[in-house]
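Both complexes below contain chain A, partnered by chain B and then by chain C.
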Partner chain A sequence: MEIEITERDAVTVVAIKGSVDSLNADELTSAFAKPIKAGRVRMVADFSAVTYTSSAGLRSLLATVKDCRRGGGDLRIAALQPQVERVLSISGFTGIIKIFPDREGAVGSFKAVA
Partner chain B sequence: MSEHHQLADQARASCLAEPACLERLLALLDRYCAAHAVDAQCRHDLRLVVEEACANVIAHAYPADAPGLMSLQVESTRCDGRPAMRITIEDAGIPFDPLALPVPVRTGPVEHLPIGGLGVHLIRRLSDLQRYEHDLERGNVLTLTKFLAPASPASRTS
Partner chain C sequence: MVVGATDPTVSLVIGSGSVKCAAALGVVKVLNEAGIGIERVVGCSAGALFASAIALGYDTAAAKDITLRVWTRELTSRPNRLSYLRVVAPKLLGFKADNFGLRDERAMAASLRSVFGDRRIEDTAIPLHITATDFATGELVDITHGRIVDAIRASLALPFAFAPVQFDGRLMTDGYLSDPLPVSVAMKHGGRVIVGVGFESPYQEKVNSAGRFAFQLGAIMANNLLKSKLAFHSMAHHSEVILVLPEFQQRVRLFETAKVPYVIEEGEQAMLLQLPYLRELLAAEKRQAAAFPA
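Here is the complex of A and B:
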């Protein structure tokens, strides 16, 4: 798994590449936690290059969305691949986390309410 | 009760129930699925259920400072007349039936949602049959069956 973090105005974009599993999910959770600790609680997880996630990845997303909302922000997901979207749907996450077709839409959704 | 007929081959690996073991077990599954031309969606689902089941064993079956053995067996089979893959995961740790866990709640305010319990939910949803037994000799035995899509006419005749 590779993680790239960029800032887009008031939004932190965390772009993930590869598989998120029980061996590397802690790394993802840490990547999400750094901006939150700095008060940046508007986040987009770009999943366009994520081919697989297990429950370890889902736990990371759920913990992060809780932290962001507690701080007055949100975690939104962009560009899910079909297999990953299926796992999120089965797990009930598509009703919990806002999902957008692409990164631009997810980033722009924060501006719409700013 | 489903009727299983074991076919010719199976693959099996044992290792200490530690995180480093997981990659080895998943590699065994990947090789077996590739050799049996399992389609992409079934491979994805099998990988996920094996990861979830093995991760549970690694995390909970043994004391952290004294990991014991676990094993994975993968076999091509027929179940109720349909082609299927059967996964068997065994450990000699604390007796524990993962299938007895309740379905996690996924409604209501996000702040109140529990973070755990998703792994077993995914196992239930992405495999077709699940069975747990505790055997005095084998220990915890979790058997998961995934039906495979029937071979296409083209592949049957090739």
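Here is the complex of A and C:
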């Protein structure tokens, strides 16, 4: 898994490449945690290059969503691949996390309510 | 077909899904070829049929043959006329929970007996769990002993179609009503890496009869239950649940056994997609176990 973090005004974009699973979920949780600790709680996870997610990956996302919302922000997901969207859907995650077709839409959604 | 107590191993959970549960045979084929054993197998509803075959060690061809013998339209073709009459005149004809099923279940019972005879759950090569639902309390029941035929009948007691089944002093109905993909059973028994073969219930193309209306409502409830249970269990588990979700481009109807080879193939393909990660994960688990011996 590769992680690239960029700032877009008040939004932190975490672009992930590869598989999000038990072998790297801790690494992903840590990557999410750094901006949150710095008070940057508006986050977008760009999933356009994520090919797989497992239950461990879901746990990382849920922990991050909770931390962001606790701080008054949110974690939103952009550009899900169909096979990953299926896992999120069947696990009930699409009901609690905002999903956007692309990164721009996800970043822009924060501006809409700002 | 099943490797048995080898290292590495996974727990296999086969959810409800009628004939589509045959996809589990494709999943097991891939696991076997990869040298990955099965430490425990859990089956729900039609998944119980395949879980039993796997636990008993039937090879793919034999399990496929069982499917073709058991899962036929004859299972539900004969109506239980007395049950229909009991709906109309419940007091007169003695309506009871354990005698209400609109289909005659004798064909299914005979079919299951022809395959499994008097074999018992506790005698299987791989630990077998069959899930059903307690009719009185709604609780999930983890059946780990008794005749396989009786346990499958309880797990497969599709509401309205088949009457609930008395088993071990409790009245039981279809396992999907408490959890369509009971990964919790594998978790409770210490499974770390769990392969869950799951299926969403199909929605009706046309709702033009009371039966289809009931099926549609059942599918809505089952799919929502599947998602909510899976969400909770994914969060609760400390290790990994690997979901195998076969994608059926062709519609597979309830008794379409002609599509069993296609269903098995889709299961195989779905498992192959997960195999690289599963291998890595099991290798990591092995390293961890070596570093921190019990």
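Here is the rule we use: the second predicted complex is superposed on the first by the 114 of 114 C-alpha atoms of A that agree within 3 Å, B and C clash if a C-alpha of one lies under 4 Å from a C-alpha of the other, contacts with A are read in each partner's own complex, and residues count from 1 in each chain.
By our rule, a contact is a pair of C-beta atoms (placed from the backbone, for glycine too) under 8 Å apart; a residue touches a chain by one contact, two chains touch by 3 or more.
Note that the structure is a prediction, hence the values are computed from the model and not measured.
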So if we stack both complexes on chain A, do chain B and chain C clash, or do they fit?
clash
Is A:S89 touching the first partner chain B, the second partner chain C, both, or neither of them?
second
Using the superposition on chain A described above, determine whether A:A33 touches chain B (first), chain C (second), both, or neither.
neither
Taking the superposition as given, does A:A56 touch the first partner, chain B, the second, chain C, both, or neither?
both
I'd like to know which partner A:K66 touches here: chain B for first, chain C for second, both or neither.
first
Under the stated touch criterion, which partner chain does A:I5 make contact with: chain B (first), chain C (second), both, or neither?
neither
Applying the stated clash rule to the superposed structures, which of 170-178, 188-196 or 206-214 from chain C runs into chain B?
188-196
Contacts of chain A common to chain B and chain C in the A-superposed view 21-23, 52, 54-56, 58-59, 62, 83, 87, 90-93, 95
In their shared complex, chain A is touched by residues of chain C numbered 198, 200, 226-228, 230-231, 233-235, 237, 239-243, 245, 273-274, 277, 280-281, 284
Mind pulling up the chain A residues that touch chain C in the complex?
19, 21-23, 52, 54-56, 58-59, 62, 83, 86-87, 89-93, 95
So, in the complex, the side of chain A touching chain B is made of residues 21-23, 52, 54-56, 58-59, 62-63, 65-66, 69-70, 83, 87, 90-93, 95-96
Which residues of chain B touch chain A in their complex?
19, 22-23, 41, 44, 47-48, 51-52, 55, 58, 106-107, 110-111, 113, 115-116, 118-119, 121-122, 125-126
